[in-house]
Every structure is written in structure tokens, then in C-alpha cells.
Amino acid sequence: MISFSYINQTTEASGLKEVQLAESGLCGVFGRSGAGKTTLLRWLAGLIEKEGTIEAFGAVWQGLSGSLRVEARQVGYVPQESALFSHLTVAGNLALAKPFANRAVVEKAELLDVLMLEPLLDKPVTELSGGERQRVALARALLVNPRWLLLDEPLSAVDQVHRRVIGHYLKQLSARLPILLVSHSEQELGALCDNILLMDEGCLRAQGSPSELFSRPDLQISHRDSAASLLLAQMMEYDPVHHTQHLMVDGQPLEIPADKAVVTAAGETLPLRLMCRDIILSRDTLQGTSLRNGFSVTVIGIHSTAESQVLVRLQLAEQKLLARITERSAEELKIKLGDPIYAYVKAVSLVTSADVASLPAR
Amino acid sequence: MISFSYINQTTEASGLKEVQLAESGLCGVFGRSGAGKTTLLRWLAGLIEKEGTIEAFGAVWQGLSGSLRVEARQVGYVPQESALFSHLTVAGNLALAKPFANRAVVEKAELLDVLMLEPLLDKPVTELSGGERQRVALARALLVNPRWLLLDEPLSAVDQVHRRVIGHYLKQLSARLPILLVSHSEQELGALCDNILLMDEGCLRAQGSPSELFSRPDLQISHRDSAASLLLAQMMEYDPVHHTQHLMVDGQPLEIPADKAVVTAAGETLPLRLMCRDIILSRDTLQGTSLRNGFSVTVIGIHSTAESQVLVRLQLAEQKLLARITERSAEELKIKLGDPIYAYVKAVSLVTSADVASLPAR
Amino acid sequence: DPTPQGGAANSTGASRTLIIAVANSFRPVAELIAAEFSQRHNVQIQLASASSGVLANQILHGAPFDLFLSADSARPALLVDRGLAYADSRLTYARGILVFWWPPGGSHKGGEPRLKQLNDVSRLSIANPRTAPYGEAAKALLQGQGLWTSMQKRLVRGAGASQAYQFVASGNIAAGLLPQSLLLQGGVEHDYLVIPQELYPPLAHQAVVIKNGKAQLARQFLQHLLGAGQNVLAEHGFYPAASFASTALHRGAD
Amino acid sequence: MDFGFSAQDIAALWLTVKLSAVTTLLLLVLCPPLAWWLAHTRRWHRPLIEAIVALPLILPPTVLGFYLLVAFAPQGPVGSYWQALFGTPLAFSFSALVIGSMLYSLPFIVQPLQAAYQAIDQRQLEVARTLGMSPLRRFFKIILPQTKRATGAAGVLGFSHTVGEFGVVLMIGGNIPGATQVLSIVLFDHVEALDYAAAHRLAGGLLLFSLLALSLTYSWLRAGNKAPR
Amino acid sequence: MDFGFSAQDIAALWLTVKLSAVTTLLLLVLCPPLAWWLAHTRRWHRPLIEAIVALPLILPPTVLGFYLLVAFAPQGPVGSYWQALFGTPLAFSFSALVIGSMLYSLPFIVQPLQAAYQAIDQRQLEVARTLGMSPLRRFFKIILPQTKRATGAAGVLGFSHTVGEFGVVLMIGGNIPGATQVLSIVLFDHVEALDYAAAHRLAGGLLLFSLLALSLTYSWLRAGNKAPR
């Protein structure tokens, strides 16, 4: 268990008292530019002093009796500016990352492969492109076999293809290694994270699962164009003819392109990200369209957002869903609280965590 | 007119011979990490020497008789790493950007407002967050009233709210000032750019409008999940009751939330970005759903992409559209070349360049 | 007794080596005499030269010298007072000769200048009267001629006599009051006037044997210097010690 | 003011401060372009120039002074030119002291400046060029402020080195009270004349004063230069 | 080998090289910790220590030498301790020359190192800490390689300064051929004795040789240090 309380003297009003994180899993850190994300990570790594307490891996990192040295925290830290050792080559940078103890979190060969660093090994780091630098910084942080990985926008200059591949790899790693990931991409966080910390004005504002956080109408985050809900689906059988995967969400069937589900075996759970704007509401079931997946749902909330749009909160058996439609549509469909209705979604517009691997060849 | 030919000795095989750009408009530069985008911008700014020729604003910047000095090119350059003057405050950095000649491209007060720099003016730049640094770098480059703006991933560390506001501002600016924008976000480029340069392995591979480039099946870019088409729509009347804007696309009506069209006056043209995955195909018109906008189109192409998906190329009267659907749907709808069909799109999932301004309060 | 232990390291295993501290101005002559002595007695001689002031400072702080050939008499006397040198070894071994050198230059034609012409030179180079005996002599001369105060602004002081000579030799200063030894060494044979002895206090060069050194050998060398050594003095611009009354007389010259 | 210092001491102190200040200021004006050139040229002969800058160090000051004396003589290569230009002889003038001291302290100013210039972030200078800043503006607005501490520290070393300088000044200055007799020579004379009391008094005063001045200077340099994050 | 140099010249040359090398090496070992401390401490007394480091410069070398002589004398504060420890007197020994030269050249090594350390990218050192690198490992793997050129250049200056050093060495060494007579003193003696031919020969040879050695050193330093992009 990792837990910390982070105190910002200036605006301590409505911050979170304490944050608790499991010793595995990917936790996102989200917030505006200048919200204090970098500051938080630097404090957790022990690089700056700030009021608060940190307990991690059964030890006190910061408490009344002082602070654990940076060197002893055994974190893997990727700063926002990469900060590669400028006098060395890529290989030289990686060579300085000597593994802590005999934990083996990553395998070097695999890491170099995923991060596509093999061809760069002999290059001086001063001659790398922005995205190349970030990948080297990530590899260096991982090669120490850290107990905790602190990533400060590690992929902001990496193109989307690599970014997804690496995101997926991090997701896999997070089964064994807790990861804190700062990112400005809600989509990335939604697809990868189990848990998100929301920061604002130097404070921790909220913690929760992406589905929770991104659909809480009291947080501005749900008003965004890229707001989405997360649904957990059960893997069912695979249809080899159409190359599709059958799923079950709260007892209702769903069929998606098989390559969106590659990583998960039958019987397991797959998180699905449904963009609010992608959901189509219909009074009846639809025929003769390319829309294939519809859920029978109940309206449990209607919120206006931007001027002519509404957010509709929908309830499946267990899970909740957010849809964004125009006011005009809402009016014509006569949507009221408690209404039964159909929520359709295009199979190809679903985003799964597996999605990040279903990519054109690297 | 700006034109340049960029020669890469190592892999000159299939590059573009020459690029021509208008003296206004936003041109995106897109390509993988390490594709050579930064190198291209540095060469255009005159910071590195490389074979090739550049003519811009009626003058030869690089030719047989040598190369125009950096100082005389009067470009606004934002490097990937911001490179703020580290001994100064934000205000000090901005003060060093003395306007070239008496062109007035931007107004300082407005710029500070859009980039939200007012509260930061007295801060030493060494104490800024990543996103804050990038905004200062952008302001600094604009304050010289440059003839050409070269932006190397200027917003990669800026959160999405600011990023859209600034993107929109750049779009407006580009009416008076040509801008070259490196970005890894296809969505951003699609929404903002008139023109995109595609780079790969140090070469310029292709140039074209986003709709063209992102829908050319021979370029990998159209296979991506985020591929989209661009349609040009005519502004028609505004419906104040429903707060919607009526549009016309190749003679067919379209109705979108009014706040997606704020910037454009009636009679003008609005570019609409339709994500391939957001388009729903139907044999018949749909009733009783939140889907409101359908076009009558003809199938003019069917391409398989990722394993169980197909890209369907559709023709309106003049313009073309790409839809991505599952193979299963394509099969059930029995889509064939030449078929008449309906293409539906959710109004709220349209992305317009105006979209970037329809945001929760800053 | 503050007698230094210096020299222990250098004297062991090289008992036939004599280290002589010699004032810069006397070094060329000392070299000749030392060569002769070391041949005759199979002794190795090392000459450590510096200004008399530096050498005295060093001896005061334990320098491993056996014999000190100073260019003055005050410093040897001080060493004896401090108990660092044998009082009975303090002897005048030579006397310096002051000359007025005015080489041709500008409107000046050259030739042997007259004493009266001292006041005609644009600038005059002397050794620092405070630290160098030749400077002291020059000062006494100028005072005697009533020129000391009036010429202040035209005086240039070398740290030692040698520097004062270089000022003139390099053409920077018109004329100088300098040791004859230096002029001879520099090959200057004309254009100077030997100042009459009675116009300045005697430039007694005195030697002392340092305690805790190889006193025996040092005395032997001193003997040689006062004997056969005297013969070469004249041709190098020094008056022999004997030419000026008795050595005892000059013990009190300081 | 009397701490047992003679009028001669005071005059020498004043001259010393003047000489060191002029020398240091001139070096701080002349060295930056040279240091900048050395920091950035890719020419093959750069190491040669660097070596030549360091060369005056190799000669003992008095010997360096001797060669300068020869050069500064009215018939000498520099002196004759000087005389033709200004009508006064160069040697034994304050100007000669300044030139000699500059030559002697040059490497201690050039080298730290060169190192500081090499450490400057090139990307910031590149951006400065795109902003249309002229080389002079880049120097005064970016390079100089970013190397303030290094320049200051180099200046302090140069100043101190000139205060303590002795051999060169002695040789080409001629120890003329009020004109070329600097403190270091007076102090040396005290030692040479075995006047330890005067030497102790002067050296002690000098050291105490310098300690104060140097401490204040370093404090000031430090305050003006925060370490970047 | 004979270019008209006497056996005395050769012995002095050898002694000079030995003295300069030992002095420079010792300084390069001792100064980095001091320079590092000065570069990073926030203590109030930092400027004081910086001033003390620069202080030896203020005194003319001969005067500094004089005080060292006093200290090194068998009855002196350092000399007596030394004698008790090693059984041999300190003054007029090679060790005395080394100590004196170190003191005299100290500021020229400390100050450039300090400036170089201050210019190091702190973020890289922070990352190094998160990688678990010990202070020693950080020093040898990051700080030292990144300040190679500055260290080399400081070493060259220190070496040259010691070669040309004269006052201190003359005072505490005593100009004893083969033991403490270094090249600078021999050269000084030649000039003092008006033996210009010998002086020119020695000075010329020394300068030529130094020019070569310095050029090569600077080339080597330059090759090992590419400017970052």
C-alpha cells in the first residue's frame, strides 16, 4: 500500500486529505497546465521538500522524523524534460541505470524492443529527436527495476503509434509495478488507468476511477468534448468467420472487431471506453444500418452542458453510461428521467485498452 | 508564395520534389518520432545547413548564391524545448522580442490574454511548469511580428483546454500569417490545418489537405483509428430557439449546435471534420433516434484495413467522405460499389475549427 | 639558542659539497673563483644566488647554506648578531665601484661624462637605496652633490643593481649610477666615469660562515677568496678587499 | 587615517588600486570577444591561439618584464611606435604597467570566460537569432547576464593577481614613488630590507582589507546569480 | 640532447616539470571537493571561504614566499610540526616548493572548477539520484566527464603558472642547483647576470616547447569535448 497526504499551504481548502494507492496498477495524474503535477511527482521522488507525509512499501518516506533519501526510495523517475546525461550515448545513459536489488521488473531486450531503441544505442543523446529522448528517459527509469514508476508526461513528444504501443506496455507492467502517469490526454488516461488523481491549483482535488471521475457532472472534466464513460465487459466467444469478439455488458451482448480485444482471454474482463459524443440514443431498436451494438438502458439524469447540448446519464443493470446529444435531439426524443431507451454505439468507435496494440506495423 | 525543396542525401528516393505554400494558412507537419520534423523547421529558420532551396516572400532564402542570415528571415520560431532565456522573467523574455519592421501581426494584450500569461509575467522562467514554458515561447515568437511562424510541437505540454483555445487563435492568425505547425495530434491538425506535410525517414513524403491525406488509402495515416474526412459546408440560417446552425453540404442540409460555428458568418464556408469511425451507414433514413444528420451518398470504394474493418469511400455531389465500419456490418448491409446509401453522423461528434472555442470557461 | 637545524638533509652523504649563498652582483666572479677552488680541493660547489636581502632572509629562517657572500656589510652583521653566523668569519672580501654611465643617445654624444653632468640627464637609473648597497651609495653621492631632492622625479629605481643596469642598457633610461662590475660584464668600456671613492661610503662586500654548516670547508673557501681570489677582482670591476685599509676597520662600517 | 602607514604606503596603495582596476576593466572589455571566438571557432589553429594566450605564464614575471622592457624601449618595436603616436616614452609610465599587467593576467580572464561561454545553452542563442537580435544585442542581453558570475569571478581573480603582481611591474615600472611604485613593491622592499615590522603591518592591512573586499564581492556575485531549477 | 643547454639547465628543467606536475596533480585531486562545496553550499560563510582561497594572490609572490619561509622554518608553526612528523626540515625541500606552489596556484584551479560545477544541469543530477547513484558515482560518472574540459583547462593554467612561478619558489627553495633550482630561477639568473644569449636560448626553448605542449593539450581537450547541440 502506498499512501500520502500532500499539503499545499496556500490553497488547502478543498483538497484531498489522503491518497491511497495499491502496490500495482496505473494511476493517472490529470490537471491543467500549472496545476502542480510536476511538483507532486518531484515531491514523491524526494527531490523537493514540501509539507506532507508519505508511506510506501511498508516504510515511511516522509514523516515527522524526516525524509528518506532520494537514492533509497528506489523510484523510476522520468522528468518532464527527459534530462538525459548529455555527455553520453543512449547506451551510456542506459548503462548508468544499475538495477536496485535483485527485483527484475523488466527485461532489457524486451524494453529496447518496445521502445524501439535498438537502432539508437550508439547515438550521442544530444543528437536525438524529442520523441527519441523521451523513450530513452523511460527506458533508463525502468532499467533500475524501480519499486514505483513516476512518469511526468513521458510520451508528449512521441507520435501516436509509438505512444499507444508504449502505453499498452506500461499497462502490462503495472500489474507488477505501481505507476503514476502524468498526461494531458484524457483518452490515454481513460484507456490505461485504473485510477486517476485530479489536480488543480497545486492541490489534489479528487481521486477515482476514470469512469467515475469523467462522468461526475460536478467536475468540469465531464463537460469536455472528449468526455467518456468506461464500461466493463465480459469476454465471450470469438467469431473466426467475421473476426469479431462477442462480449457481455451487464447481461447485454456486444460484438466488436476481434483486434480490439487481443490481450484478454475469454472469461476475463475488458474495459471499454465509450466517448459520450459517440453514443446514439434511439426510442426503438435500429435495423438496416451499420450500427450493430445497442443497449437497453434507463435515463437517470439529464444535465445541460455547452449551450445547445445535454449530457444524459444512463443506467444499465449495474453500470452507468454518459451520452452527449444536442438539445434539439433531446427535445424531439422527449427524453425524461426514468425513460427506457436504447443506447447505440458504433463498434469501431469503441476504445479498449487493447486498442493500443491494434495498430499498423511498427 | 513560399516554396522550398528539401533534399535528404541518404534517402532521397521517394520524397517530394518541391513544396509550395501560400503566404497565409496553417500548414501541419506530421510524421513519426525521428521523422525529421524538427530538422526541417531548423533548416527553414536558417539554423542548420542542408542541401536544398528556399524561396519565400519574394526573396531567395537559400539558393546557389548562399543562404540568408537567420536574423534576416524574420521567422517566429518555437523550438521543441522552448529554450526560454533562463536568466529572465517571463516579462523579460517577452521584452527581448522586438517587432520586426512595422507589421503588426498580433496585439500584445490580446496575446497575453489568449495565452493566459498575465499572472506569470513576473515569474523567473526557471520556475514555470512545462505548459507555462511553452506558452511563453509561443508568445515570444509571435511578438516579433514574424513573416512566418515555425512551431515545433508548441503545445505538447499544454492541457487540452488551453490547447484548443490556442489552436483556435493560431487558426485565426493564419489568415494573415503563414504558420507551419508540427504536431503529433491528427485531430488537432485535421481541425486546424488547410494543408499538411507528411514526413518520414527524414524526407517529405506527401503534401495535401487533411481530407486528402488522411483518406488516401496508400498512406498509412488513413488506417488509423483517428482518421477523418473533411467536408466543406455552407453557412445557412441560425435557429435561435434550438440554438442550432443550419448548413448545406453539397446541397444537402445539416444542423449542428450553433456554438460549433461561432466564428463563421452566414454565407461563408465552414470546414467540418468527420471521424471515419463516427460515420454510420444505413440503407434507409432513420427515425426516432438522436441521429439527426444524414447524407445521401454513393459508394465509390471499399478497402479493408485492420483485420475486421473496412474503409468505405463515399461520394456526395462534389465532395468525398470516408467511413469505417466493421466487416460484419458491411456484409449485412451488402455494400457494393455504386450503391446509393445514407451516411449519418451525430451532430455533437462533428469537429469544426470553431469547436476549439466552444469550451468550458477558461 | 635559535640556531636552525637547516641543512641536515643536504649535508649528509655529500660532505664534499659546499653551498655558497652569493649576492647576484658578485655571482660571475664567485663562479670563477669557485671553479678554481673546487678543482684544487676536489670539492663540489653549489652557488645559490639571489639578492643579498633574500639570502639573508633565508638564512634567518634556516637555509642550508655554508657560506654567505653578501653585497653589503649590514646583513652579515645582522646574522652574526642573531647568532646564526660566526662573528670571527665576518670579513670584507671585495669592494664595489660606483660609476656614472651615460651612453650616447639623442643629442648626447657620449664619451666620459663629468660629475657635473649628473644634473643634465633626463632620467637617472639607480638601484633601490633601501635594499641595495649600490643604491645606498648612489643616494649618498647625489646627496653630496645636492641633487638628491631636486632629482627625485627623475630617478628610476631598479630592485637590484642589475635591473638598474638593464634600464639603461635597454635604452629606456638615459643614464645610471651603477656598479662597474655590471658594465664590464655587459661589455661596456666607454662612456662612464668612475666615481671617486671619497664621494660615497665604502661599498664593503662582506662574507660570513654560517653556523651548523660545513664551517671548515667554508673557511677554507673564504681563505681562498681572500688570497688568490683577490687577483681577479679588479678585472671584474671590484676593488680588492686589502686595497682599503684593514678588514677589521670595516667591521664597524654598518 | 593612520594605521602606522607612511605616505609612501598610501600613495602606493592608491596606485595599486588604480592599476588593478584599469587593468581588470580593460581586460574585461577586451577578453570577451577573444574568449567568445575561442569558445566557438572550429578553426584548426584554435589550440594554438589558446596556447599563445597561456604563454606569458610560462616565463617568470621578471623575465617577462625584461622582454617587455626591451620591447618598450624608445628604439624597441613597441616603444618606438608608441613614442611616434603619443610623443612620450612608454617604459616607466603608468601605461606600461597597465600593458604588462594585462599581458600577465590575460589567461586568467580569458580562460574562465571561454569556459563560461562554452557552457551557454546554444538553443537560447539560436532563438535569439530568430528574434532578429544582433550579435551585440545577443551579447549584452543574453551572454553577459548569463555569465555574470563567471565574469565577476574572473575579474576578481584578475584584480587580485594584479595587486599581487610584482616582477613585471618592478621591471617595467622602475619603482618610481607616486608614479610606478605599487604596493607589492613597497611590501617587497620591506622584506628585502629586513624591516619585518613594516612588512607585517602592510601585509596584514592588505590581507584584511582584501579579505573584506573579496568577501563582499563574492557575496554580491552570489546574490545576483540564482541557480537554475 | 644538446641545444646549447647546460647540465644545470637540464637539471632545472627536470625539476620544474616534476614540481609543476606534482603540484597540478595534487591540486586536481584536492580542489574538486572544495570547488564542489563552494558551488553548492548555501552557507553564509561561502563568500568568506571564496575570498580566503583568492587571498594568496594579493601578496607579491616573494612576500608570500617570505611568510611561508617563516612558517616552514624549523621553529615555524608548520616547519616544526613537519620536522616532528618526518624528521627532516621542510623549508628548502622539494615538499616545501610543492606546498608553496599549490597555495599560489590554488585559486586558478578552484575558481574555474567552481564555475563549471555551477553550470552543470541540476536536473541530470537529480535523475542520477533517483537512479540510486552514490555521490562518488555521480561525481565520476557525470560531473567529472561533463567538466572534463574545464578541469583540463584549469590544470593547464595551474601547470603553466607553476612553471613560471618564481618568487615563492626562490624564497622557500633557495635556488639550490639540483634540489630547488627550477627553470624560472635559472632564467632569472641569466638575465640578472646579463647573460642575454643564455637567457634568449632558454626562454626561446621554453616558449617553443610550451607552445607545442599547450597546443597539443588544448587540441586533446577540444577533441574530447563536443559542444552539445
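Going in written order, the chains are labelled A, B, C, D and E, and every chain counts its residues from 1.
Note that a contact is a pair of C-beta atoms (placed from the backbone, for glycine too) under 8 Å apart; a residue touches a chain by one contact, two chains touch by 3 or more.
By chain, UniProt protein names: A, B = Molybdenum ABC transporter ATP-binding protein; D, E = Molybdenum transport system permease.
This one's a predicted model, so the numbers in the text were calculated from it and none came from an experiment.
Between subunit A and subunit D, the least number of touching-chain steps is 2.
The chain with its CA mean position farthest from that of subunit A is C. Set against the Cα centre of subunit B, the chain with the most distant centre is C. Centre-to-centre spacing of subunit B and subunit D amounts to 58 Å, using the average Cα coordinate of each chain. Inter-chain spacing, taken between the CA centroids of subunit B and subunit E, is 61 Å.
Chain geometry summary: the mean Cα position of subunit C and that of subunit D are 35 Å apart.
Residue positions 54, 57, 166 of subunit C are each in touch with at least two other chains. Residue positions of subunit B with contacts to 2 or more other chains are 81. For subunit D, the set of residues that touch two or more other chains comprises 66, 123, 185, 188, 191, 228-229.
Applying the touch criterion to all chain pairs gives A-B, A-E, B-D, C-D, C-E, D-E. Touching subunit B in their complex are the following residues of subunit D: 121, 123-124, 126-134, 141-142, 145-146, 226, 228-229. Contact residues on subunit B toward subunit D in their complex (touch as defined above): 45-47, 70-77, 79, 81, 83-88, 96-98, 100, 124, 126-127, 140-141, 144. Contact residues on subunit C toward subunit D in their complex (touch as defined above): 51, 53-54, 56-57, 60, 75, 78, 123, 125, 128, 130-131, 152, 155-159, 163, 166-167, 170-173.
On subunit C, the positions that touch subunit E within their shared complex are 2, 4-10, 19, 21, 24, 27-28, 46-50, 54, 57-58, 61-65, 160, 162, 165-166, 169, 182, 185-186. Per the touch definition, subunit D reaches subunit C in the complex via residues 66, 69-70, 72-76, 79, 89, 91-92, 170-171, 174-177, 185, 188-189, 191-194.
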